[in-house]
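Going in written order, the chains are labelled A, B, C and D, and every chain counts its residues from 1.
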Amino acid sequence: MRRTDGELIMLWALPAIAIIWVSAFVLFPGFLHPMSPTMSAEEVASFYRDETARIRYSMILFNWFGVGLIPTVILLAMQVRRMAHRTPIMSYCLIACAGGPPTLFLIANMFWLLGGFRPERAPELTQLLNDLAWVTFTVLVPYLIAQCLLLALAIYWDRQDKPVFPTWVAHFNLLIAIALVPAAFGALALNGPFAWDGVLSFWVKNIAIAVWIVVMGVVLGQTIRRRRAETAVAA
Amino acid sequence: MSNTFNRRLLLVWAILTLLTLAYVWMDEAVDQNQTLTASTVVTVSAIAIALIKVRIIFREFMEVRHAPVWLCRLTDGWVVLVATCLLGSYFVGSAIAG
Amino acid sequence: MTTSTEGTSVSDTPPESRLGRFAWNCRHHPKRELWFAWWVMVVFYQLYGVLFFFVTRVQPPPSPAWDTPMIVQWFDDRHDGLLVGFGIVFLISGMCAPMNALLAYSMRRMSVSRIFAYSYLIMYSLSAIPGMLVMAIAMTVGALRPDRDPELIHWLYDFAFLSFSGTMGVFLVGSVVWLVAILLDKNNVFPKWFAYLGLCNALTEVVVAPAWIFQRGAFAWNGAIAWWINMVVFVTYTAVFIVLLRRMIEREDFGTGPLPDLPDKRESASAGSVGVLR
Amino acid sequence: MTEVAQPQLEETRSRFVPGQPDMWLFVLFEALLFTGYFSVYLVSRTQNQDLYLQSQADLDLRVGVFNTIVLLSSSWAIARCVRAAREGVYPAALRYAFVTVGFGVVFVISKVAEWIHEIGMGNTFTSDEFFQHYFFLTSLHCIHVLIGFIVMGVVIYQLRSPARRSQQLVETGATYWHTVDFLWVLIFAMLYVVR
């Protein structure tokens, strides 16, 4: 029998953490519907005054579990390591991307919590913290885009009889990368699809991330199960 | 052979120390009653003496004397370059200040 | 790492046309991953220069001694450039990943422990956040609402430039990790003089710290010592390692022993002064 | 410097670069870097002559001279160390290496004492422009000395065991140490003597 190496634990942690993310997402009053960038300082301040409790508790949840995506990305990096590449560069790339999004998200998370800490603060200051939080949250895409593109490239280069991932995973990652692009320009407009509460910068981006997590979770699960079956037979 | 080397090193050290002590003399000569006064002569000679010392360190301690010719030329060129930069910035700065 | 199954199965003859050869190289070149990472690095630095110096015009840095109205004016002048330019920065900063992966790979190719490669990889992946993205976020928020209280815009201005200039620790320790690896390496991946150049670079990273203390003079964030001299050293260092990495990829033989010299370089290298052990 | 005739020397030893040639790039690059710092210092000095002279009066030239002579002596010791190692007299080489480190330690102690003295007099990094440059240049140089201790550690490590004893590494380390020395010679002239 093979030793317990914890790989499956790391994999199954993902859906558990994802449930927490979803509940925190729903709990935060500013996500459904997303807060508008056109709100005046006074409106923002009163939002923080009225919704203090939900802001605090949802963001504490995010603060606890925001880094939960890292094991998944590292699992992906380990699969990339098994591909038919000559160098470990592509898996290094994914490792290099792993820490970025959670770190940026934690910065945004901190600004939200700071805003909720003293809601009686001068409205301009609360608005500033709110702006910092939303801008950081909206533009945290660079590493995710890079991650998707690099994974796609790694899969395209994985030419062997039994590739680690099927090719559609690469196409899927390209699609997600494209869906994430508009969010980088989320600060260009205060309303419209590009604004941080807009269709592109909020809905498309966050749904893309969610779909990516679900699909890649499933793909990872299948790949790992297949490989474990193979090694079990071989052993 | 070893002895000539060591004597030479000691001599070099003595010269460098004497050059350092020359600063003290320069210092005494230019200042009246502990008040420092600006002096181009002191500045230029301070830089010159420092660079002479640097060149001696290059040649003797760092053994450039025995190094291939390109390294000798390079280090000499460097001393000239540093001298140009330092004196240049001093004089240009003074000129700007008026 | 799994060995490549394609190296033997694919025909070694690239097509004649230039475009065909490019496509062949992208798909089959044995060093495609290395060249990919190298080109991403080159393009990244070009874009970085263009974005910071010409699109957003935040470099060379303005003075920390300005008064508030002047800073608000500065933001007004650059409003669109800041938003668009930093939008592109957010889009492309993931390009750091292949670059850092290549640098880490160079250490992996050396005869030193893997600790070096992984430490460097993590440190430099982290470095983009304080070194670039925090500044971009602060600048974006500053430009977002021109009608914001000027004092707050002033604070964002300080936040942006100090986070950009004042967080050199990762680069300091990172270059030290790299240079120690080069000095210990027996595979001759990099010449030793590059390690000493890395020491010069690390020492200039130390020099930026006074930017936290001074609002004017040579040590402020736009000062002659804290910015200009450092910039020259940093650009030299970067240009040198880009060239050396290129040479490393050319020499790469995918073994674990010493990297061979390039055939035409071998003679000049043994006669010249560069990186040959006596 | 006087070119004392050393005919045997030129004949018996072919010309060579002491240590790794690579180290010379560091020497020259670092010298240029410091030249940059000195140029900035000299230009800002000329713009505000009186302030610099006034603040400079708080420095004690004798301490600077002492520091310089200590470092020159350490440089002399490491030169002796290199000669001894080249002739294969390793115990002597090791002794001189320790003497070098000893002089280095004396230098650092006297430097720190001088800093404490200056800070006690109210001259800190932020008090005026002259002391900005003073503390910047001396502390940056002090970092070089501390790195020098690591380098000397490598040299001593090399000299200790017959299995190692790479003459090249010893000479490279010596070149670094001399660099620290000549940088101080320049800093000393800049901060203490220039008027």
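Operating definition for what follows: a contact is a pair of C-beta atoms (placed from the backbone, for glycine too) under 8 Å apart; a residue touches a chain by one contact, two chains touch by 3 or more.
Predicted model only: the values in this text are computed from it and were never measured.
Of the two interfaces, C-D and B-D, the higher number of touching C-beta pairs belongs to B-D. Taking each chain's centre as the mean of its C-alpha atoms, chain C lies 31 Å from chain D. Centre-to-centre separation of chain B and chain D, using mean CA positions: 14 Å.
In whole angstrom, the spacing between the mean C-alpha positions of chain A and chain B is 61. Between chain B and chain C, the centres computed from C-alpha atoms are 38 Å apart. None of the residues of chain C touches two or more other chains. Shared interface positions of chain D, defined as residues touching 2 or more other chains, are 17, 36, 40, 44. Viewed as a network of touching protein chains, the structure reduces to a simple linear path. Chains that are in contact with each other form these pairs: A-C, B-D, C-D. Of all residues in chain C, only 191-193, 195-197, 199-200, 203-204, 206-207, 210, 213-214, 217-219, 224-225, 229, 232-233, 273-275, 277-278 touch chain D in the complex they form.
By the touch rule above, chain C contacts chain A in their complex via residues 1-2, 4-7, 27, 30-34, 36-37, 83-84, 86-88, 90-98, 100-102, 104-105, 108, 117, 121-122, 124-126, 128-129, 133-134, 136-138, 140-141, 143-145, 148-149, 152, 156, 254. Across the complex, chain D is touched by residues 1-2, 4-6, 8-10, 12-13, 16-17, 20-21, 23-24, 26-27, 30, 34-39, 42-43, 46-47, 49-51, 53-64, 66-69, 71, 74-75, 78, 81-82, 85-86, 88-90, 92-94, 96-97 of chain B.
Within the complex formed with chain B, the chain D residues making contact are 1, 4, 6, 8-9, 13, 15-18, 24, 28, 31-32, 35-36, 38-40, 42-47, 49, 53-54, 56-57, 61-62, 65, 68-69, 72-73, 75-76, 78-80, 82-83, 87, 171, 174-175, 178, 181-182, 185-186, 188-190, 192-195. Chain contact summary for the complex, chain A toward chain C: residues 37, 81-90, 92-100, 103-104, 107, 124-125, 127-128, 131-132, 135-136, 139, 141-147, 149-150, 153, 157, 159-161, 181, 184-188, 190.
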